[in-house]
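This is the structure, below, for whatever I ask next.
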Amino acid sequence: MMREYYLNTIILGIFIIIPIWAFIMDEPFTITLMTRAAIFALAAVGLNIALGLGGLVSLGHATFFGIGGYSMGILAYHAQTFTPLMEWPILVSGSKLMPLIWINAVIMSAVAGLLIGILSLRTSGVYFIMITLAFGQMFFFFSISWSAYGGEDGLSIYIRNSFPGLNTLVPIHYYTLCITLLCAVLWINSRLIKSPFGIALNAARQVPARVETVGLNPVRLKLAAFIMSGTVTGLAGALFADLNRFVSPTMFSWQTSGEIMVFVIIGGVGRLFGPVVGALVFVALEHWLGGLSDFWHIYLGLLLLGIVLFGRGGLIGMICGEARLHE
Amino acid sequence: MTFVLLAEQILNGIQFGIMLFLMAAGLTLIFGVMGLINLAHGSLYMIGAFSAAAVAGMTGSFILALLAALTASAAAGALVELLVIRRLYNKDHLDQVLATFALILIFSEGTRWIFGSFPLFLDIPDPLSGPVTIPGGIQYPLYRLVLIGAGLFISIGLGFMITKTRIGIQIRAGENDREMIAALGINISGLYTLIFSLGAALAGLAGALVGAIQSVQVGMGEPVLILAFVVIVIGGIGSIKGALIGALLVGLTDTLGSIFLPELLKLVTDPSTATSIGSSLSSMAIYILMGAILIWRPTGLFGIKP
Amino acid sequence: MNNIVLSTKGLTKHFGALSASKNITLDLRVGEIHAIIGPNGAGKSTFISQVCGSIKPDNGTVHFLGRDVTQETVRDRAQAGLARSFQISALAMEDSVLQNALLGALGASRNPWRFLSPALGNKMLVEQAKHALDRVGLSDHANKRASELSHGQRRQLEVGIALTLSPKAFVMDEPMAGLGFEGSMKMTSFLNRLRQEAPILLVEHDMEAVFALADRISVLVYGEVIATGTVEEIRADPYVRDAYLGEEL
Amino acid sequence: MKLGTLALKSALISAVTVLSSAAMAGTKVGMITTLSGGGAGLGIDVRDGFMLAIKQSGRSDIEVVIEDDQRKPDIAVQLADKMVQSEKVDVLTGIIWSNLAMAVVPSVTAQGKIYLSPNAGPSPLAGAGCHPNYFNVAWQNDSLHNAGGAYAQSEGYKDVFIMAPNYPAGTDALNGFKALFEGDVASEVYTKLGQTDYASEIAQIRASGADAVYFFLPGGMGISFLKQYSGSGVDIPVIGPAFSFDQGILQAVGAAALGVRNTSQWNKDINTPTNKAFVGSFLAEYDRLPSLYASQGFDTANLLLSALETASVSDNIGFRSALKAANFTSVRGDFKFGSNNHPIHNVYIREVVREGDIFTNKIIGKVLSDHGDPYSKDCKM
């Protein structure tokens, strides 16, 4: 069994070496694919905070992905058309500046996470799965009929938003941004797992009654995890929208929620790099299997089934065995 | 808004609700007895519709088509239960969601592989096509009346089966206490397979019945699946009575919402905006209903309190 | 009577037709161990749950440190200093023994909202946790996973977590179960000393331990306290012998 | 998803092409279209029509890379990136749906690539968002709906019930209808996108007392509606754009569609030699009747071929003006580009008929002549 630490290093290595190779060989599309993988990974790392640490099976994380996407879409749309976003009570104009868009995405996702979390955490088990799904569907149908921002057609942003000092339209530049954010979030996540909050949350997932008898509120811990989880997935949504220069209600669909969950499961629930492996494998399969067969979803389905039935702990679990204690 | 229109819309809502019930009944039984979330239930609905369309295309007989739908979906259900599902009973909900999500991918792409991407068609049999006039001067499609009748008949049959028969007693025992049925010496794995394929057959039947008034295509099961989940969550998971009431509630909310919401909004804003906002709201209406009910009663209307 | 730490007055709880608690009135005083004994199904766990707040009584009150806490949550009571150990171990099985103890220390600090600094780097928390583990004799197992502990060790950890809270009163649900002879002896002598720190409301099946430890004993049968008294009084009570102790003595 | 790269390479023919001045380096075309999932039929027809024209041209210096967008905007955008970054194509085409076009077209035209639309014509791309690198060979989205309104007007309908899904193309459709219709609108109903049961709308139609129904329900939605409508006993005449009545879909609708009037810029019975040759050769090649979409794919390829005769793709300005000249014979008859690079053409009214076992359309009249679109005035280029 390989130490998880070494495997994580190898995975990070893949995320560094392949793009550099692609840059040298002038294969910009490979960089675009890696960017896609990095962004999916970020979205799934977000879900993993709720799912892996908090035990919250959210089938509605597309809500945050979409909110992030629309944060980008709406701000950039107003900047692109030179129309104010809001005139009253204060004049707010759009923006094409990525850091601003990201902050907006994070704040909006946090607000949504707070509201959805407060209501959803009244339930548990299957009911929690279903109420998060219901919130996702609400946002999905709302975005379809919100004609001011394109409705079903979505919003197209003609030129990728800007980041000071970089030309974001160059694939390697944008990739650098995305991978930096992914690494930053992974670092925060690795600290979070070992922090007092992480330990309390971990216990709240396993034995909420115990957490309560030491005087802590397990629901509040889970709510905090749900909000954090949402903000990270929201940030990923903003990046994804900028990768495509386009947002549409698809980002809100329940299939998107399912796919984000699939990334986490393929890699390994609760493992720091699980979502990263999952996203990488998914994008690779999509590219290679998709090239081989029209019906590649069948193979994806079989792989998933195999992992659920026979592979405890996803791919990382298969390679490294049971998770080690955080010492 | 005339009485005739209102009555017709209520009938539509009931018909929609009854069809949802056929889906939801299987889902809720499977969850109640085996504790399994089955996302692939929509695929069984699709299998029913496709088998019916294929057999109707070959033989031209609607009865044979329905029989084919029942057999094919029950068989598919039993097969899936034996190969995959029974390995999931002891896993957590997350694994169940994922494994059955995987089954959706396999079933959908498999169906597309066999039948292609174009929608199939299944026609209403001639004796049932066209409208009839029912008391009150309402003209209503005969086939939809037959759907309501068939659905009610099945609901009653299901109710009878659960309350009066041996199988029903075993099912209720299983819902209350899984160890008890083992203690009673009942063959659990046989019972589970039976329940699963019963649920599958109901879903397949719904698919075939509805397929005749809609188009039969890959992916037709998922929208219905989500609605069926909404239904059982509203009703309380595991409760057949809850599923029936939830189904009618969802059917009526959806149908009446899409008519009344725009009308209501027309009182406060101009017609065009009213129609647009009204229809957005009505497409969200059942999810808002579900959210509200869960916030009020976190385990649904007839769910068992934790 | 300001030496009373914890008291219940007329606690009554029905589950449908079944009355799990009938008018239970008893108290826990400074420095004592008050044992609750009774046959299976007598309503001991239901009673403890009402004392700790996870079940709300239909009638009656719970007072803790002179305050009516009947309407307060489990958390409020825990923060006020009421520590509970569970009958069926409620431990974070995937985590290490030390992390489980840390959870208690974290609860005592009332501040889990620290996100980036490692908990194991926090000297105060770790000291507190290690000290508690030391006292229950689990220091050698601090880095084991809780799931690797024996049944008895899990009971010790339960008590250890309660210790980290530096509580004003303990409520312990069968801490001796599964400990074996030697373990029981150790636990008995440990609890014997512990009563000086805070009084213990003890539910226990191990009669030998109960008679060795308890200052007072209450006998619960069918949700009703049929007798309360010192060890000698209870041993002598013919009614109790008849209803519960039977031939054991 | 690579479904097939058609590279007709033969030493002999390429020798000939090298001599022809225009396309020395060869031309690479990227086609992103829907080949799987719902709506795959449309993409398949566009592809087949397009490839038929390329094949008939006999040119070996045109390479077409075909990819499936699964009708998902994010996949389409990713494929567009791949076409531009990895395949380094000169011309893009193939997108079926307006929302996918909105996601892809602005960014590829901004990157200097030519885009030829074989189907979608969303209004922003015809108006303020027009671009000299963007050419629409099919129609502006309003076109067929304008014709629907004009036809209802000419038939003397006074009170029309109109219905479309609640999404931008649906709103555009109903506004397009109202633009040339002067009578009353009995009721304007927006359905859910992807709705499959229209019982409630049919009840409203029955109660409305309208004298005609105009609806725009693309794909499977139209099939469901028509089947349910014909079984409902409501006998108010129905009008719609060609999309719900086209060759690929009619067999699924079946007899329910018989007699329905629909608007189209093309039909297989347009009596020109080019069209007859197209219908005959398509039937011979693929063993099915061509659809509207196939005709648009065929026209798109022929436009491209005509421009390649006079200019090279590497000469962007020259190539654009060669495209703009539209120097080819469209299967629909007269065709030219308006100032915003969108078609000016005739729109006909068709009726669904049965020919032997097959349901198909026949033209019963011309509704609009040399019809352009109202957005060209907003287009500054």
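Labels for the chains are A, B, C and D, by order of writing; each one numbers its residues from 1.
We adopt the following convention: contacts are C-beta pairs under 8 Å (C-beta built on N, C-alpha and C of every residue); 3 or more make two chains touch, one makes a residue touch a chain.
Everything numeric here is computed off the predicted structure, so don't read it as measured data.
Chemist: Can you name the chains that touch chain B as well as chain C?
Modeler: Chains that touch both chain B and chain C, as defined above, are A.
Chemist: Centre-to-centre on C-alpha atoms, which chain is most distant from chain B?
Modeler: Most distant chain from chain B: C.
Chemist: Round to the nearest whole Å and give the separation of the Cα centres of chain C and chain D.
Modeler: Once rounded, the distance between the two centres reads 76 Å.
Chemist: How many angstrom lie between the CA centroids of chain A and chain C, rounded to a whole number?
Modeler: Chain centres of chain A and chain C, defined by C-alpha means, are spaced 43 Å apart.
Chemist: Give, as an integer number of Å, the spacing between the C-alpha centres of chain B and chain A.
Modeler: 32
Chemist: Compute the distance, rounded to whole Å, between the mean C-alpha positions of chain B and chain D.
Modeler: Comparing mean C-alpha positions, chain D is 37 Å from chain B.
Chemist: Two or more other chains touching the same residue: where does that happen in chain A?
Modeler: 141, 144-145, 147, 296 - these are the residues of chain A that touch more than one other chain.
Chemist: Quick one: which residues in chain D touch 2 or more of the other chains?
Modeler: Expected reply: 35-36, 166, 171, 192.
Chemist: Which pairs of chains touch one another in this structure?
Modeler: Chain pairs that touch: A-B, A-C, A-D, B-D.
Chemist: Can you list the residues on chain B that touch chain A in the complex?
Modeler: 31, 37, 84, 87-88, 91, 93-95, 97-99, 101-106, 108-110, 112-113, 226, 229-230, 233, 237, 276-277, 279-280, 283-284, 287-288, 290-291, 294-295, 298-300, 303, 306
Chemist: Going by the contact rule at the top, pick out the chain B residues touching chain D in the complex.
Modeler: Residue positions touching the partner: 2, 4-5, 8-9, 12, 15-16, 112, 117-121, 123-124, 129-131, 139, 141, 143-144, 210, 213-215, 217-220, 223, 255, 258-259, 271-272, 275-276, 279-280, 282-283.
Chemist: So in the complex, the part of chain A that touches chain C is made up of which residues?
Modeler: Of all residues in chain A, those touching chain C are 188, 191-192, 194-203, 206-207, 209-217, 221, 224, 323, 325-327.
Chemist: Under the touch definition given earlier, write down the residues of chain D that touch chain A in their complex.
Modeler: Going through chain D, the ones touching chain A are 1-3, 35-36, 68, 72-74, 77-78, 81-82, 85-86, 98-99, 102-103, 106-107, 110, 122, 165-169, 171, 192-193.
Chemist: Inside the complex, what are the residues of chain A that reach chain D?
Modeler: 27-30, 32, 36, 141, 144-145, 147, 150-154, 156, 158-159, 171, 240, 244-246, 248, 250-251, 290-291, 294, 296
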